[in-house]
Amino acid sequence: MIKIGIVGYGYWGPNLVRNFFEVPEKFTVAAVCDMNADRLRAAQLRYPSVRMTSDVHEIINAPDIDAIAIATPVSTHFDLAYRALRAGKHVLVEKPLTSTVEQAEQLVEFAEARRRTLMVDHTFVYTGAVRKMRELVETGELGTLYYYDSVRVNLGLFQHDVDVIWDLAVHDLSIMDYVVGEHPIGVSATGSSHIDGRAENIAYVTMFFESSLIAHIHVNWLAPVKVRRTMVGGSRKMVVYDDVEPSEKIKVYDKGVDVRGPEDIYRRLISYRSGDMTAPQLDIAEALRTEVYEFASAIEQNRKPLTDGEAGLRVVRLLQAATHSMKARGRLVDVSAAKVAHDSVY
Amino acid sequence: MIKIGIVGYGYWGPNLVRNFFEVPEKFTVAAVCDMNADRLRAAQLRYPSVRMTSDVHEIINAPDIDAIAIATPVSTHFDLAYRALRAGKHVLVEKPLTSTVEQAEQLVEFAEARRRTLMVDHTFVYTGAVRKMRELVETGELGTLYYYDSVRVNLGLFQHDVDVIWDLAVHDLSIMDYVVGEHPIGVSATGSSHIDGRAENIAYVTMFFESSLIAHIHVNWLAPVKVRRTMVGGSRKMVVYDDVEPSEKIKVYDKGVDVRGPEDIYRRLISYRSGDMTAPQLDIAEALRTEVYEFASAIEQNRKPLTDGEAGLRVVRLLQAATHSMKARGRLVDVSAAKVAHDSVY
Amino acid sequence: MIKIGIVGYGYWGPNLVRNFFEVPEKFTVAAVCDMNADRLRAAQLRYPSVRMTSDVHEIINAPDIDAIAIATPVSTHFDLAYRALRAGKHVLVEKPLTSTVEQAEQLVEFAEARRRTLMVDHTFVYTGAVRKMRELVETGELGTLYYYDSVRVNLGLFQHDVDVIWDLAVHDLSIMDYVVGEHPIGVSATGSSHIDGRAENIAYVTMFFESSLIAHIHVNWLAPVKVRRTMVGGSRKMVVYDDVEPSEKIKVYDKGVDVRGPEDIYRRLISYRSGDMTAPQLDIAEALRTEVYEFASAIEQNRKPLTDGEAGLRVVRLLQAATHSMKARGRLVDVSAAKVAHDSVY
Amino acid sequence: MIKIGIVGYGYWGPNLVRNFFEVPEKFTVAAVCDMNADRLRAAQLRYPSVRMTSDVHEIINAPDIDAIAIATPVSTHFDLAYRALRAGKHVLVEKPLTSTVEQAEQLVEFAEARRRTLMVDHTFVYTGAVRKMRELVETGELGTLYYYDSVRVNLGLFQHDVDVIWDLAVHDLSIMDYVVGEHPIGVSATGSSHIDGRAENIAYVTMFFESSLIAHIHVNWLAPVKVRRTMVGGSRKMVVYDDVEPSEKIKVYDKGVDVRGPEDIYRRLISYRSGDMTAPQLDIAEALRTEVYEFASAIEQNRKPLTDGEAGLRVVRLLQAATHSMKARGRLVDVSAAKVAHDSVY
């Protein structure tokens, strides 16, 4: 039985608490922490048996707590996770893992050194739809990957502290990181801000790979309609993942082009294939439930979870590179070099 | 009565011939030219009264012809249009106007010097849907423009001679040129080719303006589904133009954000507006019919047509800048400087 | 403050309890009753302050309870509601109000005699979408009503005790009863059962009115897709209400036909009108919340609620007539005569 | 080579003429007949080589014509087809075959007696989508059929001479006749007219079979949106055929219910199956082209065509039964007895 404390009971925290509660064979919710008294009261009403506190140190240092889940603003992730690891806890951190690449690197190293589980809450990775996409890539059903294209737009909510890439594209990057199995080497991003003094509310991010695979993410806080659509094109088949669809979120198209003919590439013929479309039945278990089990298993088996600190670090690298490129109006940024100056001390 | 000759009876030419025929109060179709004997025979069967020829000079120099419509591969546009203007004809050229900015500049100047009408066939500009978008921008109903985002993807047809930007994005650029009323100053584009020896089959083009307006076009020859969707966001309203919809192609959303509060921009409050959506009734006249009338009016009234040589030139500038930027993986290209070295001689 | 007891904590009961809880200025939830011990335990965990009981008499006769909400199987509605009214309670009953017309008539009379509020839980009547439809009819925006057509199909859940009309069409009938403002005089229904020993799982119900209005409801438990679509056609405008749409549930079409011409009706000309489509912004408050307020207001003001016993009775009349007609393969059944023999004794 | 004459060059005739022209290895278009001079002129312009006439007798009696295609108003079908058969021609008749069951029976008998091919133009039967549905039924992929449900609604065009059943439901009846492989024995129909002096513009038709299969067709000339959707439910799989979809017109759902358990049917358990959905690739050949080939083959091989006179007769039986039932507000009409009094003389 893992005794867990949850830090942050705002937007996402209640979902975490509920899911830990609903897996009583693995977790006991020992404490919930939030600095807002109203939220704490609401949590207490809902979960009378749980210890409530506004003092994060109490949770982090509690001897009866084995693991900490952090669902606070991103700027606090590094500090809280670092302290929790130092206190010997296993840690699950809301995405994005940290605000900078360097912080993420430190966390990964520190968890390794302390032999504690560090997991990032890339929730979408645990949905039936995304796992099906991974399966289609992994089994070779799609063939060689050509492109990964995602659109995530809607009206609101403008975030105060981050741009739209850190708020929305983080979902797509975490999904892509899991599905594609290859890592981008260069990023070119563009964007614009339409509210004075605020970060960019619309952005376009292109990612290049060693292969001819190209990835692109379009995010927008100011769209009149909600779109959540990812297209993945391969040499054999193509997938459309539409998360707004109530069912049939994944459609697999047996479509593509075949190139045949003489050695001379300029004289080769292109023909088009167009076969059946299939919408496979998907596992409809709640993603967060599956994720909570994965957290427990990783702790129990002393192994890396599916969305480990490295995955969180890779996503932060892309976020940071994209924001840098966007500031430079599309200038290509090398992902491995996208570090910022070190200004945190621990 | 304008006597017209049509050069090129391949994919688009038959549409031109049919529309000139169906406006008999303005045009008499005098001759059709194509180098392919089968096509000429098909044209003759359909239009027994029209002179058919495989010799383009015969049409261009025919004394009984007043105007020439050119629907041949883009690489031939400049040469044919130039000769036709030199022979004193009015000219309508399939889009894109030419293969290079310099050619387009020459054509525009030459038409000016010869006092002949030079028109580019930006067909979408004459649709009810696009004219409605223009009206929404022009009357201020959308407010200040924030973004122009367009997706034009489907499976096929790979072109032999041009990349996907010149084939598909040309439509979006010609629509945007008409609708937006502002001209891009910088372009950042990315793309990839997935067939050896072929030009890019997927591309993403971002355009920057003097204002905070940002435009983006996504084109792809290898998509499993056909998407033709443009979103235009403004400070007052937003529009979605979905050309795949059989009706209700234009939807106007009374949605947006309002910013209120103190001078201190960091403390201002953002609120969201969400009102009615309206799909206005659109003029359903065939676009090419309207365009043919415009060509006639411009000739008769000795005035610039709505899609004049300048419009064609502006679009070629963007195409050329986009292709340059794509080769440089997103490097920002200044639109006004996107000229290529002069290597054509006339 | 109204002290309320809820009988039945199965599928719908928890929604009732939650909504009464969330209107603390009007209601105090005093007790919850269910015969299933597991459900009671779940309720107790969730609402530690509430009295839980498996004895319905305890709730019905409790002196500290003013009103009873009944969310049990339909066959028990009459008996429970009757006892509650006899005990001087106000009563809110899940739809359909009762199993027979006679029971409904008795309840309505009894509530009248006891001067207690009798309300039926026609939840959809309290949604923003349905209230908008009512408004469009009431203000004359649709003109004279021509037809009311509704489709409510999906896969599952087969009910044990009632046919698909009593399970699904009851929603449409309650919506129609509120929206249309006219009452059917005749019913012709057809249907079929595809599982041995079970009631009909697919049914079609046509209703005739004094005017030329015609209404039709299609319900099906065995459809591969979920459809929830109502079309209402009037002489001036038409409405499509699609409840599966996440937003834009209501679309108003400025479409129709106009008849002009000579006295001789055979020579009149029909012309078609096709104007804008508008999707009005809808109130998105939870329907059950609005309904709970209406229950409180009706009790406090000693007036009939919007969905009073009469509304419940009218819907039961149609349900019973439809089932009768269905058994007779479409034979027209007079709504006012659709009584069944009296076999209940109280 | 079959020499064909086409009678009627209004809405559908031009499609027939074009398709006969485009199958030159089977057909020579010898003559076209229409009583309207403008239409004849348009036909002459388009097909200068074809003989044009306004005298139907000239075509019917022409010794150089082997077959006649009839695309005139339904009230004239019987007379024209009868004369053509009497003159020894093979005949293709627009749907519905005739105005009455008796006429259809006479035509079928007469064609049999004269040993001439009588074919009805049930065009949809020749589409890839409908043939796929037939295949799914015939191979048993759907299992036992439970229901056939079709909606065909839109705005306009009101017909002068027939009600909406004869105009629109005729399509669904001809498709169903081909797909289902069972014939209805009873019909219950309802409908309403909303324009004085005109036939019913909205109708609902239920059909019963020997088995528990039930069929229903909803047709409406006054709907604000165009719907063309057929659902076919079977014990193993279900199909949705949406003819408004540009692609993926057919979707096959591996969904259904399974019933298990004890002999006692009241205690059996129902479980739900929900597997993949597949949209099979369809033959996209023009239906009328395929139909024209079938007409030629039937003549050449001296065999019944797929949509022979009997098919036309079966559809007319259902149309007539439906109209009768509709006049009687849903009264069940026996299909085999749905004859009208004989009042034509030949």
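Quick notes on this one:
Should a chain be cited, it is by its letter among A, B, C and D, assigned in written order, with residues numbered from 1 in that chain.
Operating definition for what follows: a contact is a pair of C-beta atoms (placed from the backbone, for glycine too) under 8 Å apart; a residue touches a chain by one contact, two chains touch by 3 or more.
All of these numbers come straight from a predicted model, not from anything done at the bench.
Taking the definition of touch as given, a chain qualifies here only if it contacts subunit A and subunit B alike; those chains are C, D.
Ranking all chains by how far their C-alpha centres lie from the centre of subunit A, first place goes to D. Put simply, the C-alpha centre of subunit A and that of subunit D have 54 angstrom between them.
Spacing of subunit A relative to subunit C, judged by their CA centroids, is 43 angstrom. Under the contact definition stated at the top, the residues of subunit B that touch 2 or more other chains are 274, 277.
Residue ranges on subunit D touching subunit A, taken from their complex, read 248, 254, 274-281. Within the complex, the subunit C residues that touch subunit D are 146-147, 149, 151, 153, 155-156, 158, 186, 188, 190-198, 202, 204, 206, 208, 212-214, 216, 218, 220, 222-225, 231, 233, 235, 238-240, 251, 253, 255-257, 259, 265-266, 268, 270, 272, 274, 277, 325, 329-332. Those residues of subunit B lying in contact with subunit D across their complex are 48, 226, 244, 246-247.
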